[in-house]
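Both complexes below contain chain A, partnered by chain B and then by chain C.
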Partner chain A sequence: MNEKNINCPNITMRLETASVLVNKAIDAVTMNKIQKRNLIWLELTGCSGNIISLLDGADPDFKSLATQMVKIVYDNSLMAAEGEFAMEKLFNMLGKDYILAVEGAVSTKDGGLYNVIGRFKGESITAYRAIKELGEGAAYVIAVGTCASDGGISAARPNPSKCVGVQDLLNRKVIKLPGCPCHPDWFMGTLAYILLFGEPALDERARPLMFYSTLIHDCCPRHPFFEQGVFAEKLGDETCMFKLGCRGPVTRVDCPIRKWNDRVNWPIGDNSPCIGCAMFGFPDKMKPFISYNTT
Partner chain B sequence: MNDREFYVNSIFKEMHSTIDSLYVTCNSCTKNTLLNSLRKNISDLSVLLQGAQNDVQKNNTANAPDIISSPNKSFTRAELSRYNGKNGNPAYVAVNGTVYDVTNNAAWAAATHFGLTAGRDVTREFTSCHSGQPILSRLKAVGKIVT
Partner chain C sequence: MEIEAIIEKNAVTEAKTEGLLFRGFEKMLEGRSPFDAVYFTQRICGICSTAHSIASSMALEDALGVAVSEQGRYLRDIIHACEFLQNHIRHFYQYTVPDYIKLPQENPLFETDHNDFRLPKTKNDLIVQHYFDSLEISRSAHEMLAILGGKAPHNHGVFIGGATSEASAENISFMRSIADNIRSFIISTMIPDAYAIAEYYPEYFNNGRGYGNLLTYGCFDGYEKLGTLYVDPLVYVDGSVQNLNPRWITENIHSSWYTAKRETYTPEQEIPEPDIKKVGAYSWVKAPRYAGVPCEVGPLARMWLSGEYRHGISTMDRTLARVLEAKKLSEIILTLLNNLIPGVSVQKEYAVPQSAFGAGLTDTTRGALGHWVRIENGLIEQYQIITPSTWNLSTRGNDMLPGPCEKALISTLIENTDNPVEIGRIIRTFDPCVSCATHIFAKGNLVKSFKVVP
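Here is the complex of A and B:
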């Protein structure tokens, strides 16, 4: 079912967006046409799923990004430095040129005490403080994943640590790449675009149009079943999962085209309804994830 | 096939080929022309649909209308709550006093929408999220709320 439309120019073009941009950016850096800029990646209140997802990128892959496109100054999962040395690298960037990528929401309760990302000069550095200090001075801020974009799972009811998305704490534009996790292409394509041309075209919720312009439902290979009213009654049925509670009709992103894990498959392709993980309001507003007695 | 069906089919064919062309064109001027042609198709379809609805209404008046599908049916809030889209009941919601059928509306998968469930008056939520958007005109009205 997923192999259909493989010759469609729309799909081919969209599949290549990220790799074309990344290759262009790498060429431009190699030929000294553009600068290799600094990248800070903060892991705040979340599961670190976005950095893991990024490492899983293929064509473009993470290695090209890290070695040829940008200089990764700080990421607590990837860097060799640790403790005070790592924090020094981070805070040394204040006042310099850097692009800030943030994954995870920001815990705000009790001054952000529920998420301490390190210690510097004897003080605990909360996620809240890090985002406040590093957010305003960054050349660009990219919220990677649903938690950073909108609070996501970290802010799900009852939200005991009062988590919020990055935008709620910054008085500046934050480019948002929601998705739980964010697809490696969405991040690498956006970053490459920024390096080459500056801010990409965004929708009214600051999501790059090149990845977030169509609803999952619009490009879903099961859409003909929806139109004909042929609905799955249980998981495993290979028809439209609308009556099971599929959130494809309200989720704006290009999973049906791009797919996941080296473009092998995606949830609907494996008979699982879309749970709207790339939509604002996820998870609370996307529930229930599955329903069986729909008329 | 009557004249109306013939027109509708040819409009659909034209729309499909316009959409195919939209996929392959990179030129924004051509894109706008194609989008305009889609808009014209939509407006032609809505005129034809209006005509068809008028005919149906005429027939319904002649043959005693089905009370459930009549936009004149009255619902108390308690009655509305039965139409929750579960176990064979259709999914209805009320906005500004009118009751709409969302059973097969794509945005209401499993009779739920951004945490809302069918069978309720959702005027407040609708106004805060969709004010000014042409959504209600595309839904099928099935009745009115009485207090």
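Here is the complex of A and C:
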């Protein structure tokens, strides 16, 4: 919260992207221009951090998503229905129109038995089976967070449960929203875009360009320190975090502009290095997160 | 997470809690830089990520011989208290309220298959309104967390020495305004809502008791100047309160899908290997014990041990203790904010020793959390984690004693065996950090299978 955003209209305008899209989608639903589509939020091998992050959405917020924009037919943590009744609601969607949002990686070891998400008609439903059955028939599949996008921390070395990202198991396009967790704006903006216009423009790794087209380093308010060679020697310093191992120079997402939690702060603003949580290969390709004296 | 319960003659005769998710964080941490553990372990749980960053920082401070300044503790504990508020408000409104209050049925998210909703329509609908109002309040607790913590979930601000950012006059007053607002909501809305529900479900003061053994590692305690603002490390076993001795903490894997050189071990002795084919095991959750005894951890344990709440130990007492603890935490935040000195940096450049051992024990939203780290050649050699849910959802050890949550279910009276709503309500008061499915068996047949969410 200590720095001002870079004052470029092209960049500051992007802050409004998610709320403009969501408001447009809600208007279109209200005026019956588009239908209120079904959303399944499937939680697989992860930490629930992405649904918690979604609840932290401020503008747009979760209430407008859940009550005005889509019909959330399944979300294992928030839905009131339980067990068999809930599983029935989930599998009843097969053959119907639904958008599938997936949080968490997919555990593949021993046929997926390291993650059982429920039972249906007497059978254990593994995360592996759930994504196989629900993934192909969805109108769109959105991988929410780094675990769903690329395995993430659930697949960290030595990957004891043999986790993979959702794409590895599906023969179809999966829109990826990496980030640990995924920012609520990234998800709600992408979903609203889909409802209004269909698939958004994606980069070569299927990330929406409207959120993932800039390097953190290029938009970092501490970039002038980098140019002048003024580097932090410890966490807590208010200069460039490059020599502490900051992954801003390789991480492609809009954190420096968007920030977190109603835009009050973000990791570099909190005087700590970016750990590259929105990058493919996180965490193993981003470690060590903190190193003193890299030069 | 699944529960298997057997009902005979309208009472639960057997219950097993089965953890069905294994990721293996302890194995993943081996060979990594010790500093990375602060950020890495947060990803164990997106609901209580801050707690892991605190326990991890404490374990590393112990190993590195770093003394934390009082200002460092205040900064870090404010971040931690914000997480308590976020968690308790969400747990009450998004996870507890749907058990007792009829939410708008036209929304597919709120469809239910039982009808035990007892509040009169006006009172019911007022709490429905608060379900939605609370979203803004709980999210503001995360906003307050991010002011010092950078972002939430998975914060960046908690680190060895306390926190990465210093307080400023500006951010102190910003946080105070948010804390005041949350506190008003808790007092004027959340606590009355909890008591309104309690009034219509009186039998829930008589079920879900469990062993009545309570444990806390302490939190917001032992400040140099402020003393203990909340609770010291204490246990309540066999009707008496004693000081906690961490050396009496053990884990057992008798009924869990792991193998190791020994079934019972102290935290620093063993990291068991997963073994999904182990005969007789039924869960990924292990069985922690204190002096050989299963213990309940969480808000009720803390409120009881600190003397703040002594009404009883039951399903409804657990819920009331949680909302009353939220009020207590909002007061603690305001006290800590009043004692913050702007402009004090608590960070240094830290060096990792070749060889060291450290333990970090603290209480967090759901109860007692411990991290134990051994460093060799400057890297993590062994990392042990025992989470609060492991205590509460403990399996049977070689003592064959049911875990605290299992015990709380056994002998529960079930009003309608075709729709045993009591079971989900009891489990949920333990705030399990994993969603859990429940299977009910009566007369040898599966009569009901349902999912219990956090």
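FYI, the second predicted complex is superposed on the first by the 287 of 295 C-alpha atoms of A that agree within 3 Å, B and C clash if a C-alpha of one lies under 4 Å from a C-alpha of the other, contacts with A are read in each partner's own complex, and residues count from 1 in each chain.
Quick note on the criterion: a contact is a pair of C-beta atoms (placed from the backbone, for glycine too) under 8 Å apart; a residue touches a chain by one contact, two chains touch by 3 or more.
Since this is a predicted model, take the numbers as computed values, not measurements.
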Partner chain(s) touched by A:H217 [first = chain B, second = chain C, both, neither]: first
Touched partner set for A:S53, first chain B, second chain C, both or neither: second
Chain B or chain C, by number of chain A residues touched: C
Touched partner set for A:G95, first chain B, second chain C, both or neither: neither
First (chain B), second (chain C), both or neither touched by A:P160: second
First (chain B), second (chain C), both or neither touched by A:G198: neither
First (chain B), second (chain C), both or neither touched by A:P288: both
Contacts of A:E233 with chain B and chain C, given as first, second, both or neither: second
Which of chain B and chain C A:R247 touches, first, second, both or neither: first
On chain A, positions contacted by chain B and by chain C: 287-288, 291, 293
Chain C contact footprint on chain A (complex, rising order): 1, 38, 43, 45-53, 55-58, 61-63, 66-67, 71-73, 75-87, 89, 107, 110, 113-119, 122, 152-154, 156-161, 163, 180-181, 233-237, 260-262, 264-267, 269-272, 275, 277, 283, 287-293
Sites on chain C touched by chain A in the complex: 2, 20-24, 27-28, 32-33, 35-36, 38-40, 43-47, 49, 90, 94-95, 98, 103, 107-113, 132, 135-136, 138-140, 142-143, 145-154, 156-157, 159, 164-166, 171, 174, 274, 276, 345-351, 424, 433, 435, 437-439, 446, 448-454
Residue numbers on chain A that touch chain B, as the complex places them: 8-10, 217, 226, 229, 242-250, 273, 281, 284-288, 291, 293-295
Interface residues, chain B side, partner chain A - complex: 23-24, 85-91, 103-104, 106-107, 109-115
